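Heads up: the structure comes next, in structure tokens.
Going in written order, the chains are labelled A, B, C, D and E, and every chain counts its residues from 1.
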Amino acid sequence: MIGLCLLIRRDLRLAFRGGTDAMMGVIFFVLAAILFPFGVGPDAAILPRIGGGIIWVVALLAALLSLERMFAGDHEDGSLDLLYLSPVSLGQLALAKAIAHWLTSGVLLLIASPVLALLYNLPSSAFLPLVATMALGTPTLSLVGAIGAALTLGARRGGVLLALLLLPLYIPVLIFDAGAIDGAIAGRDITPQLMILGGFLLAALALAPWATAAALRQAIE
Amino acid sequence: MIGLCLLIRRDLRLAFRGGTDAMMGVIFFVLAAILFPFGVGPDAAILPRIGGGIIWVVALLAALLSLERMFAGDHEDGSLDLLYLSPVSLGQLALAKAIAHWLTSGVLLLIASPVLALLYNLPSSAFLPLVATMALGTPTLSLVGAIGAALTLGARRGGVLLALLLLPLYIPVLIFDAGAIDGAIAGRDITPQLMILGGFLLAALALAPWATAAALRQAIE
Amino acid sequence: MSIGIGNRGNVQGLTTHKLGCIRGERAVFAGLDLALNPGRAMLLSGPNGSGKSSLLRVLAGLLPAAGGRVDWEGTDVTEDRDGHRARVAYIGHADPLKPSLTAAENLAFWAKLYGFDPDIEPALFQFAIEPLADVPVRYLSAGQRRRVTLARLALGQNSQAGPTLWLLDEPATGLDPGAVSMLANTILAHLSNEGVAIISTHGGRLDALLNDHADRFDMHEFAA
Amino acid sequence: MSIGIGNRGNVQGLTTHKLGCIRGERAVFAGLDLALNPGRAMLLSGPNGSGKSSLLRVLAGLLPAAGGRVDWEGTDVTEDRDGHRARVAYIGHADPLKPSLTAAENLAFWAKLYGFDPDIEPALFQFAIEPLADVPVRYLSAGQRRRVTLARLALGQNSQAGPTLWLLDEPATGLDPGAVSMLANTILAHLSNEGVAIISTHGGRLDALLNDHADRFDMHEFAA
Amino acid sequence: MLHRFANPARFSRIAARVLPWSTALTGLLFVAGIYFALFASPADYQQGDTVRIMYVHVPSAWMAMGAYTFIAVMSATSLIWKHPLADIAARAAAPLGAGFTVIVLTTGSLWGKPTWGTWWVWDARLTSVLVLFFLYLGHIALTHAFDNPQRGAKAAAVLALVGFVNIPIIKFSVDWWNTLHQPASLTRLDRPAIDPAMLTPLLLMGLAFMAYFITMLLIRMRADLNAARARALQLSAAE
């Protein structure tokens, strides 16, 4: 536990000092959300219709963005060797990295999303579902993303590969998120979608650190 | 001229070998375009309505993505020092980098855009304008992006800064691009928009290498 | 080379048996036997690319051996990986420092993660970098960075139950003569504490300073 | 220190006058005068952080001087920046090599960019890395990479009108003794060609090999 | 049981003995299957002759999912028991599975145009099959993305296990969401809801696809083993 906190604190500090591009996520999120109305045209009728989906897609892209360098810095400067030799297990390291990634991207997206909902004129009934899906969905993105980041560490064309690997894994999350928001706007009960998102999160929590650790072990050589 | 070709060839080779994440752009482009229908819902009526805008916003984000590391690799490993000491001027270097960036992102986006137009069910009258705006707009993105990449080189929180710097510069391009496509769909003459986009490109060609070179000079120390 | 081999029942320190290493489908070395008693250092020499770094990584457990085994006190280290990791202090070619953190922050992180004494002052002092403690590593010169990396050794040394097996890959790179002496003293203190150290080197001041407490091992003979 | 100063009318080689350098708002050195005649090397020594690398970067024109001037044959180098850049060969702490390209591709790029002879074979041969020519740099050991970096010097040397002012920042880092001799021979050939070389160092084999053709300069005295 | 084949040399011997038979069987099954599919089965009263697409579409869908399941099992075997042949089997199966997936997607699209009036819709089944295709591509790309083949195999194995969650989604997507796509009529728990005249060619084609998969798998694995042996010989000759 001490090791976990220590690792999270270090990553947060690095993100804050600009050592990593973790903060990139939110900025990207906000910028993209600002750009879409320009691209699509400020049609009052169409924005609320597509707003929920756009917010989610952008959140997903933002998560993808900062993932590539999740382990790359530590790999390049030899820190990963030392982390492996330390008393902290690779599973804990994976979990810590995912939590730090979520804190520097997911949480901020979570906080920013109501603002964007306002920007897009989403009906007020969509606010709570949006925040709820963000809260359940973004940690899954970080956890699953860690697997991809570890798998592609040191690979040729790592970035492209990462996107290729994660896209199919992210799509189910996206489908249920968007489904929940649409459902909420249409006045339907969205408990099933939220349950499924919660299930994804639990599954990711159980499996992702293990898979990430297995992938990291291969990357150290 | 020989220097310019040499530099472009080197960057292309690096991109091809996976030394940079230039290819990331297209993949990102295609992936994002695939994701949006999931987020927005497979509504046959709404997709063609927003397709042009989405394609352009994603192209812009894709360009932004690969920009951050345009000079970063050469800066970190000392290559930038040697490039500065070489007979090739920094202006030529800037131009070469922008061209290589365009060849590895813009051109591929250009090629991919008709496919995406199909995916989004855009009316066939929008195809040619889409490709034309891509052809005129993406080189501008690369040229202007090079300035931002050079300015934020070695900066703390470089990625965030880069996005902030470039966003206001990219928005005009986006507005005219989206305008041209919408105009074409509505059956209007889009020559004025294309002229303006062409003007942007010429201005960027004239000014960007110079500004980039000045920024690079500051980054070497 | 084979000091202490023979009475397998009570072997001390580190021994390897027919150790081999493959990198990128090419054998780097093969059939390598070495033995090292507590309190001794081993100076690993050999031309560029002869496999010094690879050997150190295999010994640290970072790289899988392609054949043979590494024993600590007579038992295979792969049988107790956690125990072996706790035993190893590894210094590689690169400096595992974050440029945006200060020297002190970098060191304090490793100290806490490894469960060493969180007071890093003595370690900074040991490599004469107290004045740089609050400078971000980004601003340090090449030698100053190397000192910060090496101060990690002092951290473990000043704690109880620090690592006993030091694996140092050209640790003196970029150090001025004064800093080389500091490093030599740190290593000698470790050896006098019944520690073991394997140090790759291309000759120089560090070799001379450690001469009386070190065996020499030339990788050249084992090139595959 | 002041060899060749005096008759300003016909000064040869490199001279500096009251040169100063500031990094990160801190003065690194100040009032530094040095002079170096063609055919001579200067061995720059000094403790870690004393400003050797900074001085070399100022001389190369990579870092602006905070005061004073650098002259080449009596004229300020800032008056003809392009001419000065064409004169300089700079080797820094880092290896400016792309890991995904082979050693030969890396070298060929620099050769073509600098307008050197595109035949890189002799340069590879000079540092005994012909067998590595087609290996991606990613797979090279630390010393092998350094050799590839240094082979750039040989490239310029084998071309007509190669650089005359060599600025080498701890060039022998990671090299085995054989490679140090290759480097020393390369530098000696350059000096015998009326070239000038300034080499930062912490002592070692390279110093000894260059001893007869080199002046020594200790940065310690000019620390600000 | 598995460990009886652990030895690559023994595997090669067994494969050599099985191959002629499986090749012949594949050919026979295809001939019979195509005959029944094209000539000896009725056209659908609603869809006409386009229904014959089914005899390619459905078996390849089964094999696309089956091949991925096979890869996942092999990956677990590789990671947990470090079985030497498991990596090779997974590597050999991935392009085959990707090929089956392409067939499902293209025949589905071709079938969709006359029946649904569109090549493509973003519905759950179609999407999850597309995801499967991406997973195959990711697996193949990851296998070859490293200079050290060992590393590529292990990374791909981890991915295969993670991606296996998609298989139940494909299978049950038609039940979980109401979509355009046909729900399962054959592989459901009660009686198959399909005309026996259509069932015969479907089953024959299914068996033919399966035999084809096994044959190709054996051929590819043998080629892979031979290449590894050649490399080893070359290396030992160089020393």
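The rule is short, and it goes like this: a contact is a pair of C-beta atoms (placed from the backbone, for glycine too) under 8 Å apart; a residue touches a chain by one contact, two chains touch by 3 or more.
Here the structure is a predicted model, which is why all the values come from computation and not from measurement.
K.L.:
Looking at every pair of chains, which two share the most C-beta contact pairs?
P.N.:
Counting C-beta pairs in contact for each chain pair, the top pair is A-B.
K.L.:
Computing the C-alpha centre of each chain, which chain sits at the greatest distance from subunit D?
P.N.:
E
K.L.:
When the C-alpha atoms of subunit C and subunit E are each averaged to a single point, how far apart are the two points in Å?
P.N.:
Distance between chain centres, rounded to whole Å: 50 Å.
K.L.:
Nearest whole angstrom, what separates the Cα centre of subunit C from the Cα centre of subunit D?
P.N.:
31
K.L.:
Would you mind listing the residues of subunit D that make contact with two or more other chains?
P.N.:
93, 100, 139 - these are the residues of subunit D that touch more than one other chain.
K.L.:
Going through subunit E residue by residue, note those that touch at least 2 other chains and give them in order.
P.N.:
Where subunit E meets two or more other chains at a single residue, that happens at 127, 147-148.
K.L.:
For subunit B, what residues touch not just one other chain but two or more?
P.N.:
17-18, 38, 41, 156
K.L.:
Quick one: which bits of subunit D touch subunit C in the complex? Just the residue numbers, please.
P.N.:
Those in contact with subunit C are residues 23-24, 46-49, 53, 93, 132, 139-144, 146-147, 170, 173-180, 202-205.
K.L.:
Which of the residues in subunit E come into contact with subunit A in the complex?
P.N.:
79, 124, 127, 130-132, 134-135, 137-138, 141-142, 145-148, 151, 154-155, 158-159, 161-163, 165-166, 169
K.L.:
Given the complex with subunit D, which residues does subunit B contribute to the contact?
P.N.:
Residue positions touching the partner: 2-3, 6-7, 10, 13-14, 17-19, 73-74, 76-79, 81-88, 220-221.
K.L.:
Which residues, counting only subunit C, touch subunit E once they are in their complex?
P.N.:
Where subunit C meets subunit E, its residues are 24-27, 224.
K.L.:
Would you tell me which residues of subunit C are touching subunit A in their complex?
P.N.:
Subunit C reaches subunit A through residues 57, 60-64, 82, 85-86, 88, 90, 92-101, 105, 109-110, 112-115.
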